[in-house]
C-alpha cells in the first residue's frame, strides 16, 4: 500500500510544521530543486478564482473567466488593445471594409497563419468557426442575430452579410467567443457547424482538453476547479511567446491568493480585496496593476406595482437614487478602486465619462431624497426587498454592499429587506422579472455601446415590467447605427439623461480591478475588453 | 451551578456519595463543573447581550471598517465597520438558541419515536427502525446542506433541516434504552398495577433511561452548534446581517491581516462547544458505574 | 477422602492474619480482617459465609488478583513456605495458573468469547513452559475428555459461545488442572448452574481432587455443597473466621452461633418435620463493613448472647480439631437444637384438596417466543417456553413450581398474571376466562392477582420513594378515599412486612436485598390480592434472609388467607412451603403431586434425579447417598426432542419415549405424572 | 458465513434503493425552477429553448414517472447533468473523488494510528496523566469547528511561519502526475516522481490534520471506553489467573474484544471523514467532492447535490456493510448464535 511509503515522510513534515527544520519551504530541501527553480522562471503562474470556468470551447463560453484562457489560445478577426475600446485593431484579419453591395463587411485574412495544429488558417476555418458559434445557440449566438450569412470569397477573403447593415458587428467580432478554430480538427472531433449543430455538436469535451487556435499558447491540460495549464505555441504568428508554460491556478479565497503571491508561488493575484491591496503598497517585489473594467454593479428597480407599490412611482425610485452614499461605497468599501458612470454605459466608452457623471448623474442628496419621497406620496418612507447573489465581486461582496445600502436608505426612512440567494436563483428571478429589486453586476459580452443601450430598452426593460417610451427606443436605435462618432456621442448622452430620469437602473460603481503582480514581470497588459488579461502580452523583466 | 447540575442529580440512579471528600469530588465532577460554568457564562452573556454590547450589532459605519482591537472596539471592527465584540455577544444568542432548540426538539421527537418503537415491537418497531436506519445512512451535514439548499436559506429553515437529520440517533438510543428497561421487573410490576403502556413508558421507563439521553443531548448541543455555524459559514445558515459566529468567520476569513474578524468568533464557538462537551463527558463519567465505584 | 490429608506434613497454604482493605469514597472497608487458616496438600477445604463475609476477597488475595482499589494491608500468605504477599509481580505470575489455579463463579463470562477453546487451554500450559504447543494441544483434548466433554477433538476447535454453562465450567476446570496445580481455588463454581449440573460438577471436582491430588479450596454459601465435597470447613463472618473444623463434626455439632444459624435456616429435604411452619432465623443483618463493632461481631444477632460478647473473642480451640470464635462455646458445650413451635397444620389444610374451590385453572397453555432471524433466509424459529401446561390452583393452598432454568416456569408465571399473552390454551381465574383479556378487562382483576419478583434490585423503580411505590397501586385502584388514607395504608403495609414506617421516605437503593424483597411483597399486598405468584422470590438472597422471607410469606398467608403459586429451583424450600408441587421440564409438566407424596414417592424419573441431585448439609449422609446421574444438559427449547421431552437425558428411556409423548396421568389419587414407565420406578 | 454475507448484502441493497427514493423526494420538493436560470440571460427569455430544456430533464412528467426515469438512469450510472458544470454528475464525481478519498484516507489512518494506541494507553493507565491528557486533547479536537481550525492552521503555518505548503494538492507550478488512480500519492509513486510525491505529502499535512481532529478524539474516547469495559470482564481476570504477563493479557485477551466496537465506530468515522471534507476542502481549495458539493449547494445545482447525497449515502452503506463483514471475522458470536 502507498501508505507504508508515505507515513515516514508525513512524520518528517509534521516535524517541520513543529518548527524543526526551520522555516525552509518544503520544496527547498529537494534534490533537483534547481531544475524546478529553472522551470519556474519560464512559467507564468496566474492566481485567480476560476470556479465559474465550465468549458473552454469558444462557441460555448458564457462565463466570466474563460475568455482570458480562450483569448490566449485563439485569435479573433479583429481585436482591441488595452485601454482603447473604440478603435479596433487587426488580428487574423489585416483589412476590412464594406462589401461592394454595402450589405456586409469583407475581411482580408493575414497571410500564412498556422494553427497550433500545423494546419494553415483559411477563410474556410473562419466560416466554420462563426457558423458553429451561430448555430450552436449558446449565449454568443445571440449577438449574431443580425448576421444573415458568412460567405467564403476565396482562401484569404470572407464576407459577413447582415440584415441591417447599419447595426454594429465589428466590435462584436472582437469578442473571444468568435475565435477562429481549426475546422478540420474540430470537425474530426465531433464538431458540427450546420444548422442543427445545437444537437449534433459534440466537440466541447475535446476542446476542454486541448486547443486548436492560432494564439500564443496552447491548452495543455485543464483540471476542473484546480488549474489550467498552457504551453507556448512556437509557431505563433506574432512571434515566440515569452513563457514556456502558463498556469492559471484556482484559488477559493483571497487570503490564500495573497499568501501565495507573497511567497512567490504565483506571479499575479486577481482576486485580492482592497485592504489586501493596501497592505501590498510599498512591498519591494510586488506591485499593483489596475485597470478600469467595463463591468459595473447596479441596482434594478421593478415598475410592477404588484411587487411594490412605491417602486412603481418614479419619484420614489429617484429618492432611492439620491439616498445612496456613492462616495462611501467607492472610497471605503472598495478602497477607491472604482469609477461611476451616469447610467448603463460604462465610462471609457463613447459618451460616458466620470466628468459627465458629476454633471448629470445621481448624487447623494438626503434633503432632495426626502422631498422626492413627499412627491411620491411616501413622506415617511416605505419598505422593499432587494435580492442579490451570495458571491464576491470587485473585492467586496454583494451582501456587504446590501448591508451598506440598508443603512444608507434607512437615513430617509426607506426600509431595505435583504434577500441573498444562490447566484442561480437570482438569475431565475431576475430574468423572469419576478423581483421588486435586485443588486447585480453586468459584464460586457463584447465591447459595443449598443449592446448596453439595447439591453436597457429591450430585455432588461421587460424584466422590470417597464415599457420604454417610443422616442427613447428610437433614440437608442439611432445611436446604434450612427457612424459619425461625434453625433453618436451626443445621442448616447441624451439617452443617459433620460435613463437617469427614469431611475430604474442605478449604477453603484464600475470597479477598477486591481491585480497584485510580482516585479519579476515587466509587461502586464490588463484589458477591459472582456478577457481581463492579454496573456500573450505578459513579459518577464 | 445548581441549575446545571440539577438534571445530573436526577439522572443518576445513585445519590452522589462523594460529597464527603472534596478532592475526590473535584476529580470526578471537576470537568462537568467547568463545562457547566462555561455554558452558564455564555447563556448569561447571550441574555445580557444588549447590556454588555457597546454598539448595536447592525450599526454600519464604513469609515471605521476593519479597525484592529482597541479601547473603542475591544475586538476590532469588520468590513462594514461593525463592532466585532458587540456582534459576538449577539451571536451567542443565535448559536445557543439554534443548537439547543435543534437538539432538544430532535431528542424529544427521536426519544418518543424510539420509545414507542421499542415498546410497540413487531411491525411498528420494524418499520420505524428501518426508517431510522435509512435516515442514518445519509451523512448529516450533506443531507442538511441539501435540505437547507432545497428549502432556501434562513435560520428557521436551516434548523428544520438539521432537525430532520438529528432525530434518528436519539430514536436509536432511546429504543435500545427502553428495550433494556422494558424487561426489568419493576416495569412488569407497573403493568400488574394495571397501568397502560403510555403511562408505564412515561412514568417508569423514561425516567430510568434519561441518563444516557442527557449525556447525548449535552454532547450534541455542542455538535449542533458546530454544524449550524458550519452551515452559516457555507452561506446556508442565517440571513445577513444577523450576527452569527459561523457567518462572521466566513465574512472575515479572507482577511488574513485583519485576523480578529475571524479568530474571535471561532474562539467563541470553540469555548461554548467545549463547555458542552466537558459537561456531557462529565455526566457520562458520573453515570458510569466504574467511575462511581472509585 | 484423599489419604494425603491425614498425614502430618507441611501445609501447602498457610494464611496468617490476612487483612485486605478496600478504599472507597465512604472510607476504608476492612473486607478481610485478620483471617488465618491453612490447607494441607490434597486436602479439600470449604470456605463458607454469606455475601460480604469476605470469602471471595480472601481467595482473590491468595491469587493476588485484587482490583486496583483494594490492597493487602497486612498478614502473610505462605504458599509452600514462600510468602505470596511480598512476592513481586513476576514471581506471583509464575505461580498463578501453574501451582495454584482458580475457577470462578460465572462460567458464561469466564471464557474469552473471541478465542478458540484450544488457544485458551494451550496458552496456560505453554506460558509456564510445561509443554510445547503440540503436546499442549494433545493434552488439552485429553483433559476435556477427562472433564466429561463429548468429542473433545471437536470441542477444542470451537468457541465458548457454542457451549452451555455446565460445559464451560468443565472447560474452566480443565484449564485449572492443565498444569496439575498443587492448589485449586473454586469460587462458588456451581452457584450459577442448575442443580443437576451442579451435581455433575461437584462429582467431577471430587474425582479430580483424588486423581490429581490437588488441594482444593471450595468457596460456597451452600453448606450442602460443602458437605458434598469438603473434608474441612472454615466459616467466615464479617471479615473473620468464626469457626473451623472437620466438615462432619462441624455440621452435626456447630460450635459457633452463626454456623448454627446457617444450618438451621435452611429447610432440609431429608428431614421434613410435618407441621413445622417456621424456620429458625436470626434477626438483623451483618454489621457495617466500614467499622466493625468492637465486641463480637455476631453479638448483635446472636440468640445466645452473654455479657462477655461485648468483648472481641479470639479464634480458640474447642475440642481436638476444632476452633471457634465464641465465648459461649468456649467450655466446649454444644448449641441446643432450635426449639420450634410445631403448629397443627392450619384447618384449611384438613379439607381434602379436591373439595376446595378452584381459583386458577390452566389448560393446554402454550407460549412460543419467536427469536429474531439470523439472516434473510433463515426460517423463523421460536423458543417453546411453555408448551401445553395444565395446572389447577385451589383457594388457600400453596402450589410449588420447580424445574431447571429454561423450563418455562417464569414464563408460565408471566402468562398467568397476563404480562404475556398466551398463544393458545386457557387461563381461568375464579371463573373468568382471562386467556386473551384486554388490558381494560384485566384492570379490575389486577387487584386480585399480584406477583413477587426474583431480583429485589430490579423489581423496584430506583426513581421512586418507597412511599410512592406502595401508594401507586392504591391510588390507581382508588382503594382509599383520600391521600391521608393512602398514607395510612402505606404505613400499615410496611408494618405488615416488618419495616418501620420511617422507611417510607427512602429510595430503594438505600435498602438491603432482603428489605427490598419485603418492599416488593408489600407492593403486591397493597391491592389485597387473592392470588400471589412468587417467581423465585428468595433465590438471590442469603440463607438467613431466605428464612426470614419464607417465614414472612407463611405468616401473611395465614393472616390474609392468600393463595400462592410459588416458583423456585430449590426443592427443599419448595417442599417446605408447598402443599402441592408441579415439576416442569422444557415447558411441559412432568409430575404433579402433594408435596409429601412427590418427595417421598416420586413417579417421574426426572423428579427422582432432581431430588437426588440436591446436596444435603450433612457429610455423613452425603457420603452414603446413592445418586441418579443425569447425562448432559437440557436440550434447546428452540426445537425440543420428539415424544417425551426428557428422554434425551432419561436413564430409562426407550424407543417408545421418542415415538409417543406420554400424557399426564393420575397414577395415584391426586398424583399425576407424564411417563411411560412409572411402574418401573 | 455465506448466508450471513449474502443477507447483509441484500439488506444493504434494499437500503440503497430506499435511499434513492428519499433523495428523489427531496429533489421534487425543491421550490422554484432551476432550469430557467441555466441558459444565460438571453436564452432564458427564449421559450422554445426552455421547453427543450424541460423536456430533456423530464420535468413535465408526473412525479412517479420522473422517479422511474431517475432510477433507470441511476442503474446506468447516470446521475443527471450537473447544471453548473454542464456535464454528467458522474463524470464530475469520478473526477473529484480521488482527491477526497486520498485526503479522507490519510486523515483516517492518522486518527486510527494515533487514536487507538492513545485510547488503550489511557484505559490501561486510568486516571494517569496520559488518561487526562488523552481526554483533554480529544475533547478539544471534538470541540473545534473545522472551518475555523483550517483557517487558523493555514494562516499560522502557511502565512506566518511559512513552513507548510499552501492550499491545493500540489505547488502551483507542478504538473500533476499522469493520472492512473487519481490519487497523487499513488500516481506520483507509480511514475516514480519522488519530488511530486514529496510535494503531495507536504500538501496533505495540514488538511489531513484539520480533518482528523474530531475523529481522532472520537476514536480515542471509544477505544478507551471499550478497553476499560473489557478490562473489567471476568475472562480478563481469568487470563491473569492463568499467569499471563500483563502485556499478553491486554494484547491477546482484552484487545480483540475491545476493538469490536472500535471497528464499528471506525467505519462510521471513515464515512464521516469522506463526507465531512466539505469545509476542509473549501478552505484548502482541495479539488475534491467536498468542494464540489459546496459549490453545487451554493449554486443550487440540484442534480449535483442530490448525486452527491446519494453517492455519500452509498458510501455509508458500503462501509457499514464492510463493518458488518469484518464482525464475522472479529467476533465468532456473530455467525452462529
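Going in written order, the chains are labelled A, B, C and D, and every chain counts its residues from 1.
Note that a contact is a pair of C-beta atoms (placed from the backbone, for glycine too) under 8 Å apart; a residue touches a chain by one contact, two chains touch by 3 or more.
Just so you know, these numbers come straight off a predicted model, no measurement behind them.
For chain pairs C-D and A-D, the one joined by more C-beta pairs in contact is A-D. Averaging C-alpha coordinates per chain places the centre of chain A 88 Å away from that of chain C. The geometric centre of chain C is 53 Å away from that of chain D, both derived from CA atoms.
Annotation: 37 Å between the Cα-based centres of chain A and chain D. Rounded to a whole number, the gap between the C-alpha centres of chain B and chain D is 23 angstrom. Within chain B, the positions touching two or more other chains are listed as 149, 152, 235, 253, 256, 294.
In chain D, 155, 159, 282-283, 298, 300 are the positions where the chain touches two or more neighbouring chains simultaneously.
For chain C, the set of residues that touch two or more other chains is empty.
The full set of touching chain pairs reads A-B, A-D, B-C, B-D, C-D.
Touching chain C in their complex are the following residues of chain D: 3-4, 6-8, 10-11, 233-235, 237-246, 248, 252-253, 256-257, 260, 330-333, 336-337.
Those residues of chain B that touch chain A in the complex are listed here as 58-60, 62-63, 65-66, 79-80, 149, 152-153, 235, 239-241, 251, 253-258. The part of chain C that touches chain D in the complex is made up of residues 63, 65, 89, 93-98, 101-102, 104, 106, 109-115, 123-124, 127-128, 159, 161-162, 172, 175, 371, 374-378.
By the touch criterion given at the top, residues 32-34, 36-38, 40-45, 49, 83-87, 92, 95-96, 105-106, 109-110, 113, 154-155, 157-159, 161-169, 171-173, 175-176, 183, 185-186, 189, 195, 197-199, 201-202, 204-206, 208-209, 282-283, 285, 287, 291-292, 295, 298-301 of chain D touch chain A in their complex.
Interface of chain B with chain C (complex): residues 10, 13-15, 17-18, 20-21, 24, 184-186, 188-196, 204, 207-208, 293-294.
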